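Notes for the one structure printed next.
Per-chain numbering from 1; labels A, B, C and D assigned in written order.
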Amino acid sequence: MDPENYDPEGDLMILNLGPQHPSTHGVFRVKLWLDGEVCIKAVPYPGYLHRGVEKLCEKLSYVMITPIVDKNDYVSPFINELAINMAFEALNAVETPRRANYLRTLGAEMQRVGSHLLWLGTFGLDMGGALGGGASVFMHCFRERELILDCFELWTGSRFHYNTLTVGGNRHDVPAGFAELVRQTYTLIGQRADEYDAMLVDNAIFRARTKGVGTVDAKLAMELGVSGPILRASGIDWDLRRDRPYAAYNEVKLDVPVRYEGDCFARYEVRMAELRESIRIVLDLIDGIPEGPICALKPVKLPGAYKGKVGQAYAAVEGPRGELGTWVIADGTDKPYRCKIRPPSYHAVSLIPYLAPGNNVSDIVVTLGSLDPILGEVDR
Amino acid sequence: MAVDESGQAFTHPLYNVMAQLPGVSLGLTTADQLLTWGASNSLFVFPMATSCCGIEFMAAACGRFDLDQMGTIARGTPRQCDVMVIAGTITVKMAPRVKKLWDQMPEPKWAIAMGSCAISGDFYRDIYSVVPGVDTFMPVDVYVPGCPPNPDQLFAGMRRLQEKIRMRRNGEWTEPELRPETFGFKSPNLPRIGDPRREASLDEAQLDAVINLDPGGGLRRPDPKGSL
Amino acid sequence: MSVILENPWLLGAVAGFVVINAMMVTAAWSIWFERKFAGAMQNRPGPTQVGWAGLLQPVADLLKLIQKEDIVPTNADRALFNLAPPLGMILVLAGLAVFPWAPGWVPADLDIGLLFILSISSLITIPVWMAGWASNNKYALLGGMRAAAQAVSFEVPLLLSALVPIILGGSLRLGDIVAAQADGRWFALWPPGPGSVAFVLFMLASLAEANRIPFDIPEAESELVAGITTEYVGMKFGLIYLAEYLHTAVSSLLGATLFLGGWDGPGPDGIHWLLLKSFALFAGIFWVRWTLLRYRADQFMALCWRVFVPVSLACVAVAAVWRVYA
Amino acid sequence: MTVPDDVTRLLAERFGLESGDPITVSRDRVVELGGALKEAGFTYLVYVACAHYPATDAEPDRTVAEYRVRRLPVDEVAFRVWVPTGESTPTLVPVFAGCDWQEREQFDLVGTIFAGHPDLRRIMLPEDWEGHPLRRDYDIATRHHPWR
């Protein structure tokens, strides 16, 4: 339906959801044409956090880029670092040591748990409001997330924005006592995940708000390039970690959860199953990390000392939100010629014009929350 | 560089009469202190959370730290807030919105620039689309440096703000906030609010951009000749 | 003393003063209580810094709110915008006039006390809608419209479930209804069935009337920013907020009076029992609030018309049969 | 990432192109190639990315637009078109709906013009922005009155 030619039994109302709105997960603006409270048309306007990261990547040398991409998807910085460094390694055909691969896998899975916890909290906030049950879900999720941040702080020295990966391997080795801390933390989170399920899945209101809401068609999702939990909730059994293993994923047992409904509830189920799966992987990995060096290259003293080869490469990892890829063109200098980051959230957000029409404002908020967009990554 | 405010002193006739009555000044002082105590202990926050620092702000509001301890809760509407915490990078596209939300907040209001992006733009400061620090278009009371600052650093910033409110209300001179400059900060050299080098045309242009934010969105420039 | 007791005007004034002030103070500190309560549920301490255990937090909030600049949006309907918060407060407080606090302690002992309270509490929709309409804000307008739709729908189960104690007690006077429940024969417990179901329905419908989670869609923070209060500043916002708490308090008082026997209880009867019961209901409402998520507008409208109304009608029928034959 | 055999055959028989990573295709056949790949099962659009190459002695000022599509689970094909500055390349929105936002973004940042795109507006930068920031000749610290 075209808002211009819509039968005006009354006027349509234009509602600007955002850019500063409690539940747009950052600075995201959707312009809604409303008939009563039912949306007729939705036009998203991203770009309120466009920080020119890709331009900045062209101006910085390879080893200086890692802390920049930390800030893209600020909920899972480790996986950002992994994605961009894998692209540089593919470009230069650098083989990372086995221990580094294991540590990268471990860090990525630890980070995925934290990211999904934050998603669950904000999803609850979208449905329950800041002054209600949603806030309780949010606070409890953040309680566990703090424990994860503690683990990372012990490992890398920073709560987030670690700057711990580099071309060829890792910067920081895990400290003594790390394995015990991680084991305790993730065992605890595994128990708490059951409590969240008890609080949400057994709740009639949660089911009523999410079942049948925001159904994503798998064919459309693939054309739009939507990936990750959203695609898996629509019945496409595809996971980069299993289908194109990177780091140490070919040595890790991995079950990929799939749901077929494609609605918000299916996305919730997929994410919770992934959360449990990641916890299991972390607990499996933490004792079996092989000994050895953590970086294949000698650390460079000058940022410009590291020169890339000529060529282009694309490397992708499975982030918490889907396929996080980097396409890089190199011209032989110490800086990339062009560095395109393929953010999963940008593709997910492009679903909004298809999902919003016919729903009312409450459902649009829930749908947006279930897509889990991170605006730093959408706008870059 | 103390400002001479004697010409702007508050001289209400009724106040002058009342001030001479015995005991009134004592009562007024007490009432004033009470109001100051209230204002500094109930700071509702408008979270202008755009990026990473917004996550740390959320962490500060949550269990381990809990901003509610000092009576601070976050509200979604600028009308009911006293402090705007600018947590994250502000881009050229977002800046008019931030300014508008800041203008919508009722006085007395304060602003905290949380994180180096909000303070100076951090390493994005040279980027074409990033505003090099929010103090180029709005006043900032407290700077909380860090990338992102830990939640306890935000708490320290809130304490600093409380102290500042008390000192200002009591008429004590507070040092102007030192802007944490990053090393070798050269460009872009945009004059800050309160900088004498700042041109009036810049203010005018920023005001224009805020008022003409969304054409057709029901906003219009107030008619200078029209009545309220 | 006797002068006051003999003069109805003076008696009304004194009683009103006492009741209103007591309720306002209670409402203010119930906000502190709710913050501590929410903190306990969420693994955080809640207010701790302002006064002992944060007890002075409501005072600080109040002092801050009265200092704020008063903003009326440019294109707002000025008169309605300014009228809505005090009107809401007045209407909530007016309902308190007919409460039987203890045997003989009734500020205004109306024959139709229950009818008065219910009609007054349904009027509260009007200031809420006024606030939404006059703000000239789209979020507020949506909130106001939601509030109107919600209140009109939930009036029906509220009134029907309130019919049960009327039928069982045989009077519209609140004092008589309480007296009919003397000696532990509370309507929520006896006769088994209609009373207890009607009690649950009454409390749920009251939640909807007072815009509480899970029915708080007029002020849905995650969707409508702050709903009807989006444009309200300072003490006007404070009044709306306080009126909401007072409305919740009145609802729990009414629930305790109609279904839980009011001042009746083991040992000496008196106001302490009423306060204890209504406080328990009040805390229960908070518990619900900080546990549940929010329904969508059409979903709980369906809940109202498909579940609440038929069930409350059945309760009325069973109560009537009980009344005639038992 | 090697190109699968059926795509190599398809390219040789129908288009007379060499396979490679990426495949270079002329502007007038890019829509046809996209459609053929979609029929061959490449329904997943990974990304559309452009890069700017300033004028050299041999080549004029131009941009390259690279499309990457995927047949789940593993097969991947990337094909690219060269677009001289000032000219346009046909859009792939009719083939892949996801090209809508992707091409808009690349138009906004790099300045490649996609002819026939339904909604070719700026998406990241304000509507009144001048220039395309990811071009090599664009200064990173371009002033934008009044906010910087």
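General remarks:
Keep in mind that, in the parts below, a residue touches a chain if its C-beta (ideal position, glycine included) is under 8 Å from a C-beta of that chain, and two chains touch if they have at least 3 such contacts.
None of the values given here were measured: they were computed from a predicted structure.
Geometrically, the chain at the heart of the complex, using CA-atom means, is A. Centre-to-centre separation of chain B and chain D, using mean CA positions: 44 Å.
With centres defined as mean CA coordinates, chain D is found 61 Å away from chain C.
Centre-to-centre, using mean CA coordinates, chain A is 25 Å away from chain D.
In chain B, the residues that touch at least two other chains are 62-64, 76, 93, 127-130. Chain contacts: chain C has residues 42-44, 221, 225 touching two or more partner chains. Each of the following residues of chain A touches two or more other chains: 21-22, 47, 50, 52, 55-56, 130, 139-140, 143, 379. Here the chains touching each other pair up as A-B, A-C, A-D, B-C, B-D. Interface residues of chain C facing chain A in the complex, by the touch rule stated above, are 38, 41-44, 138-139, 142, 145-146, 213-214, 216-217, 220-225, 289-299. The touching residues of chain B, counted against chain A in their complex, run 48-52, 54-56, 58-59, 62-64, 74, 76, 88-89, 91, 93-94, 97-98, 101, 123-124, 127-130, 147-148, 150, 214, 217.
Touching chain D in their complex are the following residues of chain B: 92-93, 95-96, 126-132, 136-137, 187-188, 190, 202, 205-206, 208-209. The touching residues of chain D, counted against chain B in their complex, run 124-126, 133, 138-148. For chain A in complex with chain D, the touching residues are 45-47, 50, 52, 54-56, 58-59, 219-220, 222-225, 236, 238, 243-244, 312, 314, 316, 323, 325, 327, 329, 337-338, 340, 342, 346-347, 350, 379.
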